[in-house]
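Pasting the structures here.
Look at the two complexes coming up: chain A is in both, with chain B in one and chain C in the other.
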Partner chain A sequence: MPEHCIYIARSSAIAARALAGEMMVMNSADSTFFTLNEVATAIFQAADGHTPLREIVRDHVCEQFQVDPEQAQADAEQFVAELSSHGILLVSNQPLAAETP
Partner chain B sequence: MIAAPRKVACVEIGAIPIALSTCDPGFFELLRQRYDGFLSSSNPQFELEFDLTSAGPVSDDDVRVGREEEAWILERGDFHARWDPRTGRGRVRQNANPYSLDSVLRILHSLILAERGGFLLHAASAICDGQAFLFSGISGAGKTTMTRLAPPDVTLLTDEISYLRPSAGGYAAFGTPFAGELARAGENCSAPVAALFFLEKGRENRVDDLPPAEAVRRLMRNILFFAEDKALVEQLLATACDFVDRVPIRRLTFYPDARVWDHIREFVCDFARNFQEAPEHA
Partner chain C sequence: MSLMTEVGQKAFNLGVPIAVHLDVTYRCNERCVHCYLDHDDHGELTTAEIKDALDQMAEAGVFFLTFSGGEVFLRRDFFEIVEYARRLMFNVKIKTNAVMIHEEEARRIRELGVDTVQISVYSHRPEVHDAITKLPHSFERTIKAIRYLSEQGLRVTIANVLMTANSSDHLGVQKLAAELGVHYTLDPTITPMMDGDTSVLSLRIPGEELPEVFSNPALVGNQEEFCAPPKPPSEEDLEGYSCSAGHSFCYISPYGDVFPCVQFPLPTGNIRQQKFLDIWNFSPQMKEVRSIQAKDLTVCSSCSHVSSCTRCPGLAYMEGSMRGPSTADCEKSFYRTGVPTANMLRQGLSKPRSTVPLIQIRPIAVSA
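Entry: the complex of A and B
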């Protein structure tokens, strides 16, 4: 059975800006504001809509931050679910059109 | 039939003159009294026409600010306004309540400022020794307390809504008529911003650094902005980052007595001395 893939893309309705190694993200629809740590920033920046989340975690989290792959994947899915619930990230089981902010 | 003549008052806040007009003599007198220290003879850059309705009292409903084609629509239970930034003109339907009037003006200024790199901040501000100090925080953090504790030589700009615009050396703070618990309008003057303090009450007076990202996060939480508009939100975030880059931002833990103002003066002297010894942007 093929592995279930998650694809993520940044919403077009957000403003984002990096400062001192952290990414600040604001949803223009409801003005909610988030500060992402380094790991979350790496995932956010790699959210191009066509790279599966598992690849993003492998290439941008595990390699750079030397963390356990399974734990990193679980943390990433939790992070993606949270940002998705606030309209910051779009999530699909199929590739998405990139919505670079 | 001849339309009733409109009376016009030009109200200049933050060096942005806006003509407010109404056919209602009572409402005209109300707005003249409310913005007494901010009436101006400058040529208005923008115009708002007020039509009074018998709408209900000030509403607690959330404000809705969005675009309808090029125009901005400002709505709350107690007012409805349409303002076209291309012509600079707008029309407001509201009851005669001064709080509705304040709200419409604040929203309009927040839109104008956002495009000019400025913003309204939920903060008290005052001028001391020729420089402006901002005190921000949640309700109860001590904004009004700080203004009450200010020595007599300190000029109050506002105890509730601070008005900030970029200037040659950084940012300038302007007085506003928007009062909080103090129930007193600020003075109609301005000064370069020396520092922004996020307030916390404590048992001693202490100033602590804030990491830049934390400073931006706190700043964004306290900026008054209502529009659902991606371009303006991007501009606002860029402005907040620029402000953090150019203005010292600290956490001020303070014991509520007058000595806190001595502490603020000491901080400014120390900061200026350190900056001269080791300039950050050399």
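Entry: the complex of A and C
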């Protein structure tokens, strides 16, 4: 899938809350529990289904955390793939409708 | 340390109310013989008030939210409340007797992404269960609901409150839970009624029967370790706190009263009068609860069980002092290990008293 057309949205099956800058995320379907660091939290919070991942990385990661764009993009894609495999993020090459319970 | 424990400890250290138990009603369609609640409606929070409270709790950092009662499904707006909570991304657990859950309700619960449904089952024998709930055919309806929920792939836990009427049935309920493919939890705690009536305490199983429970590895894990004599407390143990009540957990009644725990009837404020976070941060009562360390306990600080006892500060409060002993827990510590507690020794008892006078939760008077 070309990098520029990755769209991500949070699954409606999850619970999430920030605790001291880090996001707690739990998938009710299988009780997997994660805590996301600040960078991952920024991506997770921006996962609205219609902003391309590259834009999220540019606006919410590179600007705020002053990291190399290519490295940040690669790390973001890895992170998205992992959360997607646990059903926490939905990934598509088309914009996604935001899921609500 | 598991990630979940680590997060819980972090919330505790930061004073974040990571978990809240919200009773949405005290009304109920069962009349369980051991229930401590007054089932009349004395002015429950409205749908709008609950939604506002949920907004405030999300803002305050609450993640784990338990909806309980009474019977939650007696509120016609219950699904609306759960849906609102899930949109705010709470991890939601529901405690219910399940008699109003059919296929449609089970499907809706799954769609809403509810984490766990905990259901009270008192016996594997229908006649015993129904005699405790005083609702004919409640066993049949509850078990049917458990099957509907399981078919939806939901996580279900059977909660088995142990009392004299069902004391020999816990193995049967455990087996039933295994057959249904659901989790099982056992609770031997019976608390007095809201009006102060302590007659229900006579339903508590005699302490002498606790060793049988404590010798069941399916319930306690490593039995040898669980029943081992207490280790001398370390400095760290004495600097420690009793539990999460008031530190990272609190309870809200259907009338908006906030307490440190569902089992700790110390009023700290009402969300109809104050913001939730103001009560949590500034209530003198919450602050007092948070200040108590093991070394401050009037009797228990010198008890050999101090580092391993499940002493409940709420039950201690009901006995007269939140810094005092909780006799129900003294009993458990004694029958678990065979080692007398400081509370027993000071009274010259060879075995704990099984019932003590307690006070119980009462609604705070709210001015109009």
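Simple rule for what comes next: the second predicted complex is superposed on the first by the 95 of 101 C-alpha atoms of A that agree within 3 Å, B and C clash if a C-alpha of one lies under 4 Å from a C-alpha of the other, contacts with A are read in each partner's own complex, and residues count from 1 in each chain.
One rule holds in what follows: a residue touches a chain if its C-beta (ideal position, glycine included) is under 8 Å from a C-beta of that chain, and two chains touch if they have at least 3 such contacts.
Bear in mind that the values here come from a model prediction, so they are computed numbers and not experimental data.
*Asks:* One more residue to check, A:78. First (chain B), second (chain C), both or neither?
*Replies:* Once the two structures are laid over each other on A, A:78 reaches no partner at all.
*Asks:* Going by the contact rule set out at the top, does A:64 touch chain B (first), chain C (second), both, or neither?
*Replies:* neither
*Asks:* Looking at the overlay, what does A:32 touch: chain B (first), chain C (second), both, or neither?
*Replies:* A:32 contacts neither chain B nor chain C.
*Asks:* Determine, under the contact definition given at the top, whether A:15 touches first (chain B), second (chain C), both, or neither.
*Replies:* both
*Asks:* So in the superposed three-chain picture, is A:92 touching just chain B, just chain C, both, or none of them (first/second/both/neither)?
*Replies:* After superposing on A, A:92 lies clear of both chain B and chain C.
*Asks:* Just to be sure I follow: which residues of chain A are touched by chain B in one complex and then by chain C in the other one?
*Replies:* 12-17, 19-20, 24, 26, 28-29, 31, 33, 35, 101
*Asks:* Under the stated contact criterion, what part of chain A meets chain B in this complex?
*Replies:* Touching chain B from chain A are residues 12-17, 19-22, 24, 26, 28-31, 33, 35, 101.
*Asks:* Touching residues of chain B toward chain A in the complex: what are they?
*Replies:* Touch list, chain B to chain A: 211-214, 216-217, 220-221, 225, 228-230, 232-234, 236-238, 241, 244.
*Asks:* Flag every residue of chain A that touches chain C in the complex, lowest number first.
*Replies:* Residues in contact with chain C: 12-20, 24, 26, 28-29, 31, 33-35, 100-101.
*Asks:* Considering only the defined contacts, which chain C positions touch chain A in the complex?
*Replies:* Result: residues 3-4, 7, 10-11, 14, 16, 18, 58, 61-63, 83, 86-87, 89-92, 111-115, 153, 155 of chain C touch chain A.
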